[in-house]
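Below are two complexes that have chain A in common, paired first with chain B and then with chain C.
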Partner chain A sequence: MAEITERSRGRSGLFWTAAVVVYALIVLFPIFWMATMMVKPNDAMFARPTQWLFTPTLDHFAYVIEQGFHWSLLTSFVLCTVSTALVVLIGTPAAYAFARFEMKGKDDLFLFILGSRMAPPVCLVIPFYLIYAKVGLLDSFLGLTLAYMTFNLSFYVWVLRSFCRDLPVELEEAAALEGWSRVQIFRRVVFPLLRNGIVATAVLCFIFAWNEFLFAFMLGGSSVTTLPVSIPKLITSQGVRWGEMAVVGMTALVPVLAVVFVLQRHIVRGLTLGAVKG
Partner chain B sequence: MSSIAFQSVFKRYGAVDAVKHLDLACAAGEMLALLGPSGCGKSTTLKMAAGIEQVSSGEIWFGERPVSRLAPGARNIAMVFEDYALYPQMTVWENVAFPLKVRGMAGQPAAARVGEVLQLLGLRQMADQSVRGLSGGAMQRVSIGRALVRDPEVILFDEPLSHLDADQKVQLRAEIKRLQKLRQVTSILVTHDQTEAIAMADRVAVMNHGVLQQVGAPQDLYERPANLFVANFIGEPPMNLMKAAWDGPRVVGEGWAVTLPAARRAKLSDGAIVAGIRPEHVRLLPPGTAGDAQGVVSYREPRGDADVLTVVLDDAGGVKGGRMVAEIPGPAAFRAGDRVSVGLDVGRLLVFDAASQTNLEAAS
Partner chain C sequence: MASAGDTILDAPARAAPREPAWYPYLLIAPAMLMLVVVSLVPFLYAIWLSFHEAKFGRVKDFVGFDNYLTLLTDGRFWNSIGVAATFVFIAVPIEFMLGLAGALVLNQNVRGRSLLIPLLFMPAMMAPIVVGLLWKIMLAGSWGFFSYNVLERFHILTDTSVFASPDLALYALIFVDIWQWTPFMMLAFFAGLQALPLGPYRAAAVDGANPFQMFLHITLPLMTPLLAVIGLLRFIDAFKVFDTIYILTNGGPGTSTETPSILANKMTFEFWNIGEASALAVLVWIAFFAFCSVFYQVAKKRLNAF
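Take a look at the complex of A and B:
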């Protein structure tokens, strides 16, 4: 009897594994296709019937570098890193304060913070543009950093507050009884327990910033060009440069995958709330 | 070790008074329990002693030292929490050593202290384990170890046994009491469980709605409750509290009556009263026997060594009979539906003023 259930469980396990593999193949196929496009010669790109075998070429890479797309990559990377670092630096104490301290109008303020995230970005980008034009932040690195920080900060504070709330307040009280100050408690008791939450939320902020197009397009564009904004430049008067687009697209994809892959453990633990409890 | 005294302490949250005019003292080396239903202000009182909550008015004294303006860390107290509040990223040893580390004590003397405390609590074998995987009882022992390790003036226990299994509860109860006596450390225990309070504390302070109702040895609370709240709260099954009236020296209730000795009656004022008698002081006799009331058993709850029976009393003198609960040695001879004669132990009968709800014989 036990043998039969064991075997049938093995069989259904096999079925589900196969189903997941098939699903993964379907989902991953466009990425595979993009990867082949990176090294496909132009004449084989849209050949009918599809040419599965072709002589790989590095022409697309050469063009992309020649056109200075690597500077956009660097811009994107620095911009997202700096803005996310600022978000963590400012947002973590803010989230903790919202979770722990009593203050007048706390709930209203908190809703207001989230409200800035609920508005469609298009509504926000116009005031941003007008303000930036006045203060001279248009098309500047600082301007974009501030914009990214602003829209990620609300999200970060919102998410991290719930992490903070999940921490048992008694841990902090116990530390206070030992004579630690608020700052010491925050640094040495709260922060270590929040680490997974911080990493998970910060990664999401980084990815939001990395994939962002509208703000980068409206507020930057010529001297500060992020990777997503640079891609349309490949739609040229001589036609769309698909191979180069695949190269840039893949370049945009890889860092996100790498970050998620490396920090997977933190993200999974962080996103399953309550994992911080002992 | 120092004594603790609350002097006219108030705690207000906006318009709500969580603790009202609290005057309470705990002698050096004593264990005092704060007992009451949830929301009675007992935890708030403890947190004010710890400094986690600020006093709204009044003063708290540790010995000769006023502490209400001191930060928690300056009070030299330790606390044991309901949820253990162990640092999850540390081992058992590190958790217990933490208070010493914070104070800059390290090396051999610190290690010796931690080792001694772990030994005392039987945690020696677990020293290097992470606290994440421990049972509730073990976690709470670690937490007690962390409290004991630096010989604080006062230890505050906030519902330390609430989340434990029954057997761990009994075990740890005895252990806490033993350690408290061994170290002679002044302690306050907050609990909603009277069994816990009575088992562990030297004296028990009963609170309700932020007001201290009575403080005394467990036996005092049991035998001479100051008011109806304490009478009802202490004891299991709870005391029978019944509307009654004076008829000369007789106390007449709904379907029952007893006569008080003249000397005792003389000391008691007239007026509407509530009579109280504990179920264990109610006797059930075969029907027809002379008693203070007659009635029918409506419900029997066996508890092994004793049975708890609810009796519906017969109407008497045109008054509808009330209910009375009796606890008698089990297995009881009576079943639901049996007629019984009820005898009350007059010496154990308590008389409360119906209006003020206070015990007319309380030694206030």
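Take a look at the complex of A and C:
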């Protein structure tokens, strides 16, 4: 590659850039199209051939608010925040311990954690539903918070451990020689270095909970309705409310849009469970 | 992007051996207890249920392996395995190849990566239910943007939605999965490419190797463990896709897109045949656990990741 001149590099760079931009536009087009449907009147929506220009309307927003979808938004937000906070609280010490200490049966424990992360949600929702029906946790906040632990707590411990292992152990050893207690070491040495990893992993947990559909659909109900669950509810007996679905769908995308820009390089690491250090 | 599979810190690091032996167990206790409650207990309960006749929410007699036998002789079960296999074995290889090609392109002198990369993460980070919704809109019968402007224009399908066609519905779902996951595969492989050492390439350039030879003899061998781990993970995830299929076809028309996940869901919440649904869940669970341990071994041994 050394002999390639700057000029030809520049030109080929432009070509490849154009290729990636075109691909990105194709990939993002459906999202753009859904965004236009938020303000598209019904007759323009169903027009054949496809109608590009139309007079925008706020009808879909009005219907969505009338039906109380902002409560679903609030429910989703509170539920995801609470369950993520709980995950961070009990997951952080575990991840740290897994990274720093030798334990008997660590490999088996680890495989168990991976197993709970990977289990298909459908397999879990059946026993969950029956157990919850017995103990009265169906359609409750606590019930869903607990159910979200299966995939998020295991995910958090697994990924944060890979962040912990990236920290140089020498700092902790030096602090220990100074006579600091383990708690002091964690608060003053480990935590400041680990903060970015904790935030990145927690944000991913938040998004997984935010996107989760099956548990919320089967274990939730009329008092706990999350945003994703409210989407299929717009397929009514009087027909499908496309514009309203687009509004709810785009609302669900807002935090995702924020996260992809903020987290960038941590996403690969998170979605490959720490196997690729993005 | 830092290195993929770095091994520098792989040695078990033990800081300050002053604590009693139970100390680490104390740290993991809350998390492990929670996981036992929310993951192991449901699993054991599902096993217990699968050995009982349980219909309409009532658990009756112990029936041994009857539920498993009924399931394994049920054509619908084998159909669902076939559907999932078709889905996975078409979608994942395509995502893999396109992702690798895309990563090589992105690894060229591409400008504006800081904007392009986040945008390409969008499909993978979106709620699967919203992905389903997007394509329900794009592929809606007669007026959907893609239905009208592509399928109808090229006379592939007119007037109805692809999701209503028994022959095409599964391929439409495969298409949606490819749309959703190719960009992510591309970015994951790109992260791997960025972490490759430069030394071998300099040496090869001195020897006059062309870019194709470099790819074949340097890039590919160095990337193999990473490719294997990412491919395997996608493979596992593709098997359990539920949300998009649920909103787009819910297994229909007929049983042409009914994967084990969709079937288990129907058995439970439509037919209320909980014993058999649990048997199905247990079988799927065991298969997944086998895949998981393969993933774990590969990632640990070949990639030095865990």
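The rule we apply is simple: the second predicted complex is superposed on the first by the 255 of 278 C-alpha atoms of A that agree within 3 Å, B and C clash if a C-alpha of one lies under 4 Å from a C-alpha of the other, contacts with A are read in each partner's own complex, and residues count from 1 in each chain.
Please note the rule applied: a residue touches a chain if its C-beta (ideal position, glycine included) is under 8 Å from a C-beta of that chain, and two chains touch if they have at least 3 such contacts.
Please read these numbers as outputs of a predicted model, since none were measured by experiment.
Asks: Taking the superposition on A as described, I'd like to know which of chain B and chain C A:173 touches: first, second, both or neither.
Replies: Both partners, chain B and chain C.
Asks: Once the shared chain is lined up, is A:105 touching chain B (first), chain C (second), both, or neither of them?
Replies: The answer is neither, since A:105 touches no partner chain.
Asks: So, does A:239 touch the first partner chain B, the second partner chain C, both, or neither?
Replies: neither
Asks: Examine A:257 and indicate which partner it touches, taking first as chain B and second as chain C; both and neither are also allowed.
Replies: second
Asks: Contacts for A:47 in the overlay, against chain B (first) and chain C (second): which applies, first, second, both or neither?
Replies: Second partner only, chain C.
Asks: Just checking: does A:90 make contact with chain B only, chain C only, both, or neither of them? Give me first, second, both or neither.
Replies: A:90: touches chain C, not chain B.
Asks: Can you tell me whether chain B or chain C touches more residues on chain A?
Replies: C
Asks: Is there a shared patch on chain A that both chain B and chain C touch, and which residues make it up?
Replies: Comparing the two interfaces on chain A, one with chain B and one with chain C, the shared residues are 168, 173, 176-177, 276-278.
Asks: Enumerate the contact residues on chain A facing chain C in the complex.
Replies: 1-3, 9-10, 12-14, 16-17, 19-21, 23-24, 27-28, 30-31, 33-34, 37, 45-50, 90-91, 93-94, 96-103, 109-116, 118-131, 133, 146-147, 149-150, 153-154, 157, 162, 165-166, 168-169, 172-173, 176-177, 182, 185, 207, 210-214, 218, 228, 231-232, 242, 245-246, 249, 252-253, 256-257, 259-261, 264-265, 267-268, 271-278
Asks: Could you pull out which chain C residues touch chain A in their complex?
Replies: It is residues 1-6, 9-10, 12-16, 18-19, 23-25, 27-28, 30-32, 34-35, 37-43, 45-46, 49, 57, 102, 105-106, 108-112, 114, 116-130, 133-135, 137-138, 140, 142-143, 145, 148-149, 179, 183-184, 187-188, 191-192, 195, 201-202, 205-206, 211, 226, 229-230, 233, 236, 239-240, 242-243, 246-247, 260-261, 264-265, 268-269, 274, 277-278, 281-282, 284-285, 288-289, 291-293, 295-296, 299, 303, 305-306 of chain C that touch chain A.
Asks: Looking at the complex, which residues from chain B come into contact with chain A?
Replies: 50-52, 71-75, 77-79, 81-89, 98-99, 102-103, 131-132, 139, 146
Asks: So in the complex, the part of chain A that touches chain B is made up of which residues?
Replies: 168, 170-171, 173-180, 189, 192-193, 276-278
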